[in-house]
Amino acid sequence: MIELAGVSKVFPTASGERVLALHDANLSVKAGEFICVVGASGCGKTTLLRLIAGLESPSTGTIKVNNAIQTGPSEKIGIVFQDPTLLPWRTVMDNVMLPIQVLKLDARRFRDRAKELLAIVGLDGFANKYPHELSGGMRQRVAIARALVHDPAMLLMDEPFGALDAMTRDQLNLELLDIWAKTRKTVLLITHSITESVFLADRVVVMSPRPGRVVEEIAIELPRPRTLDMINSDAFGAYVRHIRGRLTNVPAAQLQVAS
Amino acid sequence: ARAEKLVFSPTTTDISVGHAAHSSIPITTKCWVNEGLDIDVVGIQGSTAGVQQVSAKNVAFTTVGAEGVMMARAKGARIKAVYTYARSTIYRAVALKSSGITKTEDLKGKTLGVIAMSTGAVPYGRQMLKAAKIDPDKDVQWLPIGEGGQAALGLKRGDVAAWFAWDTAVAALKTQGLEFVDIKPPYHDALIGNVVAVHEDFLATHKQEIPKLLRCIAKATIFGLTNAEKTIKMHWQVYPNTRPTGDEAEAMKKSLLVYESRFAGYQVPAGVKWGENLASQWNETAKLMKEENLLPADFDPSTSYTNEFIEEANKFDAKAVEDEARK
Amino acid sequence: MTVQASDAIVAIDARQVAARPRPWLHWLDRSTSVLFAIAVLAYWEFHVWYFEVEALLLPPPSKIVVALWYGLESGLFLKHLGITVYRALSGFVIATALGIALGALISQFRFFERTVYPWVVALQTVPKIAIAPLILVWCGYGSTSKIFTAALVAFFPVLVNTITGLRSCEQSKRDLMRSLRAGRWLTFRIVELPNALPFIFAGLNVALVFSILGAIVGEFVGSKDGVGFLILDANYQLDIPRVFALLILLGLYGVICHAVLQFAQTKLVFWNEPAKVTNV
Amino acid sequence: MTVQASDAIVAIDARQVAARPRPWLHWLDRSTSVLFAIAVLAYWEFHVWYFEVEALLLPPPSKIVVALWYGLESGLFLKHLGITVYRALSGFVIATALGIALGALISQFRFFERTVYPWVVALQTVPKIAIAPLILVWCGYGSTSKIFTAALVAFFPVLVNTITGLRSCEQSKRDLMRSLRAGRWLTFRIVELPNALPFIFAGLNVALVFSILGAIVGEFVGSKDGVGFLILDANYQLDIPRVFALLILLGLYGVICHAVLQFAQTKLVFWNEPAKVTNV
Amino acid sequence: MIELAGVSKVFPTASGERVLALHDANLSVKAGEFICVVGASGCGKTTLLRLIAGLESPSTGTIKVNNAIQTGPSEKIGIVFQDPTLLPWRTVMDNVMLPIQVLKLDARRFRDRAKELLAIVGLDGFANKYPHELSGGMRQRVAIARALVHDPAMLLMDEPFGALDAMTRDQLNLELLDIWAKTRKTVLLITHSITESVFLADRVVVMSPRPGRVVEEIAIELPRPRTLDMINSDAFGAYVRHIRGRLTNVPAAQLQVAS
């Protein structure tokens, strides 16, 4: 489904230096797989996601999606950006319906789905509110509903639950797993919570700090469907400790710049 | 002590050869300088602006139509004419030669062009029609078509049958090869033309300077009337932009048309002094203005002008000027 | 939406809470503009009277009011104002449509930016009065030429503001649309245009005022009706109070238009949360 | 900043990576505007010749070029253009300073919004040509009156855009300043003004073009120099090719000014990330 | 230090309803105390913080700060907003120096402090970068440095570590405790991590979902200085479980609107 081979990304900056955000990333994701990406802040996770989404082009290396070289975004991908990126002049409902409108799908049919999704993310009463009338976490949940509404085959999520409280987060984790189990989407989810990554993923991708590299891929062989009490199991704890170890062991290199 | 700087404003931004007598000639012959005056000639768009400038005392002298002076006085402006330089009205009615129109009566039922509805050409034209028993409100259509190229086109395309304008504007079209017939009312020559006007306060405080300025205009008028080509070349020198494009002969030909449109009206009749204000002309013009409701019925035109500087202004040797011009 | 508030909660009324403490101060604030206008006019009258300014240059407000009254009473002013307003507003509407459309094309297609934009800028730098006679020849002597001039003058502010506004769209919003493979047109309609609205409104504000100038310039060049004609005519007759009365009428029209547009803006660009007034 | 990149990393050059594949296409793109201009002029020439358009109405480019050449060669055009440009730019600078200053006052103080703003709008609706004689009375017949007219015309777009821009500041940024008890002036300087820059630049773009119009209107009303004077003069002599030559000169000036301003904008408003051009 | 008595906050919305964001909140914070606030997304935490900061005025009730009725913001408070709210036209350093500039403090002296703080939040190489050249987590860290630079007596932090990975987060938690121990600031910190709240706070304030109310205050009586291995202690676990219980027990009421 997704194939990254030797992908690097260099950003020019205003001060003239070039920042190497991603260095020689290799990754291969099978269709229907649930991948979580963890790594230090600023290590290039968002960059990786944007490259896969086709929103950024790699400086070197190749990205293949569905066995074809990635040349640009695809409407088959649903993205949750790190920022909610809602349109302030649209109500919550209209924001969620945006993909339906853009993809020219049947608005009436999908409106019910949008309502359902809003209910799932706990915003049933808020369909007619405007983004500036919502709290930070509520905005993020609108963005999640929007990414799901057109039922894309692939989901790219950049810290989708970052602004949510533990309870809501657990609940949405379960909902996401539920949706995934039913529709077998390919999911790539960036998270800062190691627990979350183990709980959700088939495979956790650990990235090193700058310049971002994939340092390890850990297959999580916990049974499915996953339940919240698995978190207290020994196997779970072992995964978490392993990943935490991988993350802390990597020496936090200085910023890599190519002058 | 250096002379006070005095501004002389013709009420047009286009100081053509027609205006040479109060611009390029006295400048080139150094007449004003020799009289001890420091004169700056600045064109101002429109007679109203000219009157306002004189009222504000930014401008010492302005050249406006006599009717402008009278209307200003009627509105309380303290402005007076001191010198009549264009002996008869500058307004003209013309039709293309090809149109077959020759007299006022032919205009009945036609669409008539004017430069703008708010010019002296309109009352001039309305009176002319009335004199020929044509109702200017019912029997004709008025259309403001401006001047220059668009007026030429309006005439050529037949949008308008005749055009009510002023002399230099008509001359400008003649330079483009349009051939006109003049349609004149019988009283045309009885109407006064353009005058030099000043503020009443200025009149009181500059009794020395005013005749000196006027004398130079008078001398320059003789100069201009005597030698057209020399005048035109002098004018080109001072105002190079007024030289028409084309070779010397062609440019001269075009400039001559403009020159003649004005200078023809500068010649004084026998027995009349240079610049003298004639009561008959002022009264005739005032009558026309009153009939068009542009002046109150009780307006006394005689307050609008003074001849007190004419004597002084005419104290020069006309022969010497003519000789200089012929050199 | 389900309302499940307890009685205690219902009792909390935001409006009551935010009650104004001193109503007379509020009233004073509202009437500042009127009081200020009166003060300006009073000084004007005094100035003219005290410094004996020629009525030909600057008539006192009292005389202007008289001229205004006569003009309005005879119906002359309103008739001509109607004509001019019709021309100005027509020009404004055309300018708005054209400005937004061309602004969209220029901001979307490099081709238009490279080819059409320089010509538009050059055309704008050309003084309208200089080409007004040509416009007269092309569009005839009727209202069309005045509408054309009005549109021409009003068009540029709309265009420039539209282009700047469309370009000022945040990359994140564009990315959102790109991620859905939204075409140029959808991106424009759904994201860029609403995003540009505050800019466009600034342009419209300028355009609305300038459209009246354009109409009047058109009327100055060749017309027998409209406020421009009346001004020229009064000016020719040296009836300066009347000229000022007409200018004041135009000014009033401008202020009203401006207010209407401001109102429309607050309704349409509601998400641009207004600054919370703190300690004025 | 510490550079610890490995050799392999240094070798990655973003510029190399983003190499243009077809340089001739790039060249073609750059020269589009020139090619288009040539096409327009060619059609113009053809049109005049084919439809036998009166030279009075629309002279062919060939004649305009000749007139332009004579005017430039004699030094006449450049001398007067210099005068007009000086007036226009002076007016533009004054308009910019005044527009931003007054815009700041109006957006900051309710008092100014209530009192001064309506008068400004009303004043703008007044046709400049109608009050040009008055300006002449106040400012004299020299350059001052032309600079004044230029400033008057250019001022309004700057003002409106400044006000809109200052008001469009996000509440979150204001809150940040409020949380530090920053006074009005600091909030203005540190947050609101930079935030308003894209708007102000749009206003400046319009103002720059309009300042030249203002200067020319001033010159039309009373002047003995400047491009406005030359245009009137050529117009009067029915030297229409010369009129067009002068208009083209003005247009060129406008395009150059515009380009300079655009450049300044990209340098100053660098954080307004430009739209990534995708598939033009 | 901070005293809230019967504080409610009603927001009008575009759809005409009024949302009750905070209902009858009572809270009292002593000088030098470290308070953490937890609660479901959208329960009114941000509203509470903004009320205390003086950025919003209460619909009913009174707020006292330093024994005086709160009438507006005070420069003695450092705030980390939920959004980083950086000025895009300023470099990272200039963003951090903003409070110094506004409060007209000695720029030269504080520049060193700003550098130190940037080092603490792991951004030493980034002083001259612009916000759009940073990752989401990096931006949030700039905002933290900015809130600390002028050494305010009180800190109000709205999910300051929400966009950070677990490692960076732990590290910054320790840094914050260190700063707090040295300067004894009064701190009110909103967080979604129950663990974090227990780890940091003297007292954890638990809020109920809409309409937001303070349902319990739990004094955390773990010894100071706190260390990361305390997290695995029984006492710690008990606190976490207790708070989690309080959060899940509160019935998630429907949106409360006063029509």
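Here the chain labels run A, B, C, D and E in written order, and each chain numbers its own residues starting at 1.
Methods note: a residue touches a chain if its C-beta (ideal position, glycine included) is under 8 Å from a C-beta of that chain, and two chains touch if they have at least 3 such contacts.
Quick caveat, the model's predicted, so the values are computed rather than measured.
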Topological distance between chain C and chain D, in contact steps: 1
Which of B-C and B-D has more C-beta pairs touching across its chains: B-D
Intercentroid distance (Cα basis), chain D paired with chain B, Å: 40
Inter-chain centre distance, chain B versus chain E - centres from mean C-alpha coordinates, in Å: 84
Euclidean distance of C-alpha centroids - chain A vs chain C, Å: 47
Two or more partner chains touched - positions in chain E: 11, 14-15, 72, 83, 125, 128, 130, 254-255
Junction residues of chain D, two or more chains touched: 1-2, 57, 134, 137, 178, 220, 235, 270, 273, 278
Residue list for chain B, restricted to those that touch at least two other chains: 46, 48, 52, 56, 148-149, 153
In the complex with chain C, residue positions of chain A that touch it: 50, 53, 55, 72-75, 77, 79, 81, 83, 85, 87-89, 98-99, 101-103, 125, 128, 130-132
Of chain C, residues touching chain B in the complex: 54-57, 133-134, 136-137, 141, 220-224, 229, 232-233, 235-240
Residue ranges of chain C touching chain A (in the complex, touch as defined): 1-2, 172-173, 175-182, 186, 190-191, 194, 270-271, 273
Of chain B, residues touching chain C in the complex: 46-48, 51-52, 55-56, 68, 71-72, 74-77, 116-120, 142-146, 148-150, 153, 159, 294
Touching residues on chain E, where the partner in the complex is chain A: 11, 13-15, 19, 38-42, 45-46, 82-83, 122, 125-126, 128-130, 133-138, 141, 159, 162-169, 192-194, 244, 247-248, 252, 254-255
